[in-house]
Amino acid sequence: MRIADRLFAAIDLLSDPPVAHAHCDLPCGVYDPAQARIEAESIKNIIDKFNASDDETFRVRSTIIKEERAELVKHHLWVLWTDYFKPEHLETYPQLHDLFWRATKTAGEVKKGNDAAVADRLLAEIAEIAEIFWATKK
Amino acid sequence: MRIADRLFAAIDLLSDPPVAHAHCDLPCGVYDPAQARIEAESIKNIIDKFNASDDETFRVRSTIIKEERAELVKHHLWVLWTDYFKPEHLETYPQLHDLFWRATKTAGEVKKGNDAAVADRLLAEIAEIAEIFWATKK
Amino acid sequence: MRIADRLFAAIDLLSDPPVAHAHCDLPCGVYDPAQARIEAESIKNIIDKFNASDDETFRVRSTIIKEERAELVKHHLWVLWTDYFKPEHLETYPQLHDLFWRATKTAGEVKKGNDAAVADRLLAEIAEIAEIFWATKK
Amino acid sequence: MRIADRLFAAIDLLSDPPVAHAHCDLPCGVYDPAQARIEAESIKNIIDKFNASDDETFRVRSTIIKEERAELVKHHLWVLWTDYFKPEHLETYPQLHDLFWRATKTAGEVKKGNDAAVADRLLAEIAEIAEIFWATKK
Amino acid sequence: MRIADRLFAAIDLLSDPPVAHAHCDLPCGVYDPAQARIEAESIKNIIDKFNASDDETFRVRSTIIKEERAELVKHHLWVLWTDYFKPEHLETYPQLHDLFWRATKTAGEVKKGNDAAVADRLLAEIAEIAEIFWATKK
Amino acid sequence: MRIADRLFAAIDLLSDPPVAHAHCDLPCGVYDPAQARIEAESIKNIIDKFNASDDETFRVRSTIIKEERAELVKHHLWVLWTDYFKPEHLETYPQLHDLFWRATKTAGEVKKGNDAAVADRLLAEIAEIAEIFWATKK
């Protein structure tokens, strides 16, 4: 991912003001699945750190912060589902409803334990959503 | 930016689980200046839409939402400044304090009016921060 | 909607120990579509009051508060959709995904103007959800 | 509480058009003690589940979520007390101040432990408030 | 007030770690009516600035921010009322319930317009609460 | 500190409406380092109480609430740094950037453990900021 980020940063600097993509319900038109992905990456790391620690305060804080981050994942995904996607997208991608339902359920599941495999599944479901999202932007 | 995003999405799909970069104060270690940039792109669009509209409700909503988005920009930048950057970064980049001070002040300024040039300045300052951020990650 | 509400109340009345209904993602098991309905009733009233007023401060406040209430409607509905409903419910009510998608989109639409008919549609969609919800509780 | 709830539901059922009940400080005129009751039912369930579990993550999450739910109970009750009730209600129900004070103190107490009896007391105090509330609506 | 603040800052520097006074519901034991007063001073200034401006964006922002600040006043006062004051205080100060009820109602009233006299009344009611508060601390 | 508080309360009562000092980003012009100090005093007390307790629920709640309070300290300090201080202040107090950076980093550190010395350091750094703040007000 580092390579992509560098390319991305480089193009940010070279290019004209970037065409934006919609995320608030004005709507402003700046949506980006990266918002959900960043929170999910955080969750993945928190789980790894929780499992490697036996400090009481650290474990409580991990549990609290993972709870908040998972809620943010749900929120960002719900916003994409309701606000960005339109009926014409659903025709091309009939799996959309089910995919968002599963991904937001996984974000709930990730709150309940510290199994890295669940965080990986969440990241994979967000990547699947991102792929569809960017395909609709082409 | 679209090209970078596609590359980025492509590599997301191809690569192993992405190395994450730190953003909560656990700390989880997943920081990403994209969070501030996405909000600032939203602000840019809101200003353009505000200036093109004479609908009372739309203009009030634009003002509310821009206020919130600008607050988020400030928050994401403050988190990077305090939580991510360390004394050794400051030695290499002595302009860090001033750069974050100016960028967060611009995020305050953008609340107060609808001048697209101020939003562009905010985006440029965030890009400058992103460039330093990614340089420290190399 | 009134009919649904009365039915809803009737079932409350007839059934023994009001089985609790689940709403946080512990999960605590206390869900209740009344949470979304109360916010939507508020929206309906705000729209009526907005249309009857020409006071600048009142109209700005109405717009702000309606925005917040509509966001709460979306949130309460998303929680029901993701957290309460299970695959077996979807088999019996295959319209669930589409119904929630439409209702949350209506909650977004209601932010954008002051047309009482949109608020009525939102209330009707929530009543439809409530009816299914209570049927699954029997 | 159950009796109060049934009475409450009965009045809903018998009366004509469910006069809306006021809850934001526009004011929109949609108040409803059900908001506090739903959160308190959640607290009751959380306490029961906490006492039945010895999973560390579950117990931490229960404690966090109960804290938030109790804060919501306090908030919903404070709003009713300050925003809905008027001096003329206080003349008829001189116990109002003391009742709200006790109920919000109980909502604070419920944060501090996992005694189901405290949650039951909270539910009973909310039911007492609801009974007065609905009497003022007749 | 400046004189007091300087004395206060001076003593902060000279004295041992300050004895604290309770404000969260742990409870931590650090209550301070200054929290409500600071927000109410902000409201007073916002009203003066609103009345002196005819800039559309400024007036909308003033209305939004005043709404939030008034909500914070209510919150800080409710916390003092429920969490800090005990039955023994009520015996000495039987006006407590009514005083908090009036002050929080004034905080609601201040949202609805831009009359500086209402903000002054709010500040006076908070000063009355502060006087009782500090008397209980002697 | 009690003496200062009493003087302060006394002058509040005697004096004309207090000249306010700026804290929201309207800006309203009411800033006051007391906001950060009150939260830091709370943190100090929470740490002492945590160390004196072996109740599981109490310790989890302490950790949660300390986390929130520390976040509020950071927020109040960031607001002072970005919104209140101007380039002319920086000329007189060139240590400002570094002082705020250290203080907000300490607010992060205080989340991570229960060492009273860290809370004392945070209080000292806030006192140092308050001294400069009040000097700029003379």
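Letters A, B, C, D, E and F mark the chains as written, and numbering starts fresh at 1 in each.
The rule is simple: contacts are C-beta pairs under 8 Å (C-beta built on N, C-alpha and C of every residue); 3 or more make two chains touch, one makes a residue touch a chain.
In this text, all values refer to a predicted model and were calculated from it rather than measured experimentally.
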| Same-residue or different-residue interface between subunit A and subunit F, half as cut-off | different
| Hey, which chain ends up farthest from subunit B, C-alpha centres compared? | D
| Centroid distance [mean C-alpha coordinates] between subunit E and subunit D, Å | 26
| Between subunit B and subunit D, what's the gap in Å when you average each chain's C-alpha atoms? | 41
| said: From the mean C-alpha coordinate of subunit A to that of subunit D, what's the distance rounded to whole Å? | reply: 35
| Residues of subunit E engaged with two or more neighbouring chains | 25, 58, 60-61, 64, 111
| Among the chains present, which pairs are found to touch? | A-B, A-C, A-D, A-F, B-C, B-E, B-F, C-D, C-E, D-E, D-F, E-F
| message | Quick check on the complex: what are the subunit B residues that touch subunit C? | response | 56-58, 60-61, 64
| remark: Residue positions on subunit B within touch of subunit F in the complex are 25, 71, 74, 78, 81-83, 97-98, 101, 104-105, 108, 111
| Which residues of subunit C touch subunit B in their complex? | 59-60, 63-64, 67, 111-114
| note | Interface with subunit B, subunit A side, in the complex: residues 1-13, 15, 17-26, 28-30, 32, 34-35, 37-38, 41-46, 49, 58, 61-62, 65, 68-69, 120, 123, 127, 130-131, 134, 137
